[in-house]
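In what comes next, chain A is part of two complexes: it sits with chain B in the first one and with chain C in the second one.
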Partner chain A sequence: MDNPLTVDTLFHLGPVPITTPVAVTWALMIGLTLFAWLSTRRLALVPGTLQTVLELFVTTVDGQVHDTMQRDPAPFRALIGTIFLFVLVANWTAVLPGVEPPTAHIETDAALAMIVFVATIAYGISGRGWRGYLATFAEPSWVMIPLNLVEQITRTFSLVVRLFGNVMSGVFVVGIVLSLAGLFLPIPLMALDLLTGAVQAYIFAVLATVFIGAAAGETPVAAKPDKEDTSP
Partner chain B sequence: MTIDWWTLGLQTVNLVVLVWILARFLFRPVSQIIAERRAAAHAALDDADAARRMAESARDEARAEAEKTAALRAQILAAAREEATGEKDRLLNEARAAAELLRAEGASELERMRRAQQRALSREAGELAADIAGKLLDRIPDSARISGFIEGLAEAVAALPEASRRDLGAGGTVRLRAARDLTGTERTLLEQSLKDALGHAPELHIETDPGLIAGLEIVGPHAIVRNHLRADLDRIREEMADNG
Partner chain C sequence: MTENIVEVVSIIAAALAVGFGAIGPALGEGRAVAAAMDAIARQPEAAGTLSRTLFVGLAMIETMAIYTLVIALLVLFANPFV
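This part shows the complex of A and B:
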């Protein structure tokens, strides 16, 4: 079995090495794009089964964002929803034979956490302004400025480590059991990986929501997510 | 453990692109269709609310129309009642007038009958009185039927106007009606008394009429002088009839 802490290079595009997580991510992107494009081509006021599922997913994301941030979920819908959907699908690729989840490699998790980190800063500046956002580091006292700065790094790092550790360990354990035991023995562990993957996707999305919401600051309570905005 | 920075960069770009793609092809269309359905539901609710308001308006109009109809009905009933009352009063007045007229006619008829009956009674009473007087006179001397009335007749003639007295006997004979035939003495006394009353001696044409009961009557061209019981009884009867 390969070392899960290393990435395999499949080929090079000029000087750029294309590794397995990147290739799998591209495949997932293509799949998700096709799925999104095909499933939203014929949306109707009277929804079918697939449209109902999609609407349930979107309204659930909106509800989660609204409950966490207490504000209009529309500006955050696409980012939070994409993070959850990508992490979930990426984690569940563990059940495909020969496919290693991109989230089992720290580069993907770090990319996700970096996006959340940048989004936190962007939404914080957007919601509070430069001075307001910087002032949050001096809360509740200026003494807390070093700790708050460190917290920005550590909580981002914790996002990376949590997702990476859970997914990588699941893949690692299944690989070990599969190499030691029979064909069907890892199936319960794989099922457990599905549950773990879903839970980790939910945790990652919720933590991203909490971080972004805390940075964006408090605003007057927005309408319920299923009442107002239509922008993605 | 090492980090492949190329992979980290590519994955970052991949994820940013994926966010854009899903925002463009998944979240935006789905949230738009949700909003459209919500708008359609709101429109349907608004339409239903408008329809409800229209129904309420129509109901209010119908209620107002019903109240107006009821008011008009009450007005018509009141007018009909008033008209019926007027008609009843008019009929009652007409009936009263007719009854009054009938009552007046009845009273007049009763009065007329009473008067006729009174007259008949008076006449019968007069006749009865005449019979009684005749029978009573039968018990007194027969001379009383004439001689007792000569002086009264002469006084009545003397009381006549001068012209009437002058006319009596001026044209010829004077009719004299007597209850019986006059004796010579009675005729002489009568002629003397008339001569004294008239100033001249009239020529008498004496007629006998037992209906006079007792007494005399001179019939002139312009005057009749009565002094007999029949005339008295007739006068009494007429007075009774007039007073009755």
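This part shows the complex of A and C:
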């Protein structure tokens, strides 16, 4: 049974050790970017099968963001969609033989949650302005300032621990059952892992939407151009 | 011998943490799902919104159990006293 809290170094890039989750993450990033680039290179007015699937995905993300935030989803589509797609694909790499999902290590989840944390602040400032965003920390009254500050930390931490705990426990249980019972018994558990991975990706994206929407405020901001890397 | 005692106590503590830590979230999730089932049975057209909210709420509740799991893993694999 491997220690789930340590990572093994795959190779060294100069003085920097590259661990297995980082290598898998890079492979996923390259794969997703190539897929997005290749599939959106020739967009047609009458879409083919692939473009229909992509449009369905984008429409679903838009609908979820709109339902959660009650505002125009355009400024948030790229970030939320990319987070969802990346976490989903990262969780589902558990089915590939020999590949451990990068989200089963706490560093990847911490990085994802830091992205959400920074995006929350950025969207809050761009939605309400400096003074408006800082004023939200004293929202019911100024007594709540310490609690609101602590909430920023704890909810980011719980994002990290939730994703890490769910994905890691799935991988861990499959490992234990495999070492106890042999070849075919873990298959139902792996199917359950696929469901858990999808639900966790959805929840991570929805919570990111909720945090960003709460920070950005009720009044709709004017649609601004996306700054984030745009996967579909 | 002392090393051994610490390890034994750590394993017992991890088992207790997960065992007792799972009780509360289990009861809470049961109540949440029961309430959602009730609401869907009364109002089937609201099933989409209800299940979305239910999933997010379940994830929130489940986080408590996951916390104990992480504590148990810390005790087992990253114990500062072993």
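Throughout what follows, the second predicted complex is superposed on the first by the 218 of 232 C-alpha atoms of A that agree within 3 Å, B and C clash if a C-alpha of one lies under 4 Å from a C-alpha of the other, contacts with A are read in each partner's own complex, and residues count from 1 in each chain.
Just so it is clear, a residue touches a chain if its C-beta (ideal position, glycine included) is under 8 Å from a C-beta of that chain, and two chains touch if they have at least 3 such contacts.
Bear in mind that the values here come from a model prediction, so they are computed numbers and not experimental data.
Superposition note: with chain A as the common reference, chain B and chain C can be accommodated side by side.
Comparing chain C and chain B on the residues of chain A they touch gives the larger count to B.
Once both structures are fitted onto chain A, a short way to say it is that chain B and chain C open up an angle of 120° at chain A, using Cα centres and rounding to the nearest 10.
In the overlay built on the shared chain, the residue A:Val7 is in contact with chain B alone; chain C does not reach it. Of the two partner chains placed by superposition, only chain B is touched by A:Leu45; chain C is not. In the superposition on chain A, A:Val87 makes contact with neither chain B nor chain C.
When the two structures are aligned on the shared chain, A:His105 is found in touch with chain B, with no touch to chain C. In the superposition on chain A, A:Ala201 makes contact with neither chain B nor chain C. When the two complexes are overlaid on their common chain A, residue A:Val167 makes contact with neither chain B nor chain C. Looking at the shared chain after the overlay, A:Ala113 reaches neither chain B nor chain C. Look at A:Val24: by the touch rule set out above, it reaches neither chain B nor chain C. Following the chain A superposition, chain B and chain C show a smallest Cα-Cα distance of 5 angstrom. When both complexes are aligned on chain A by C-alpha atoms, chain A residues 5-6 touch chain B in the first and chain C in the second. The part of chain C that touches chain A in the complex is made up of residues 49, 52, 55-56, 59, 62-63, 66-67, 69-70, 73-74, 77-78.
Listed in rising order, the residues of chain A touching chain B in the complex are 5-7, 16-19, 21-22, 25-26, 29, 32-33, 36-37, 39-40, 43-45, 47, 51, 54-55, 57-59, 62, 74, 77-79, 81-82, 85-86, 102, 105-108, 110-112, 114-115, 226-227, 229-232. Every residue of chain A that touches chain C in the complex is listed here, in rising order: 3-6, 64, 67, 158, 161-162, 164-166, 169, 199-200, 202-203, 206-207, 210.
If you check the complex, the residues on chain B that touch chain A are 1-4, 6-8, 10-12, 14-38, 40.
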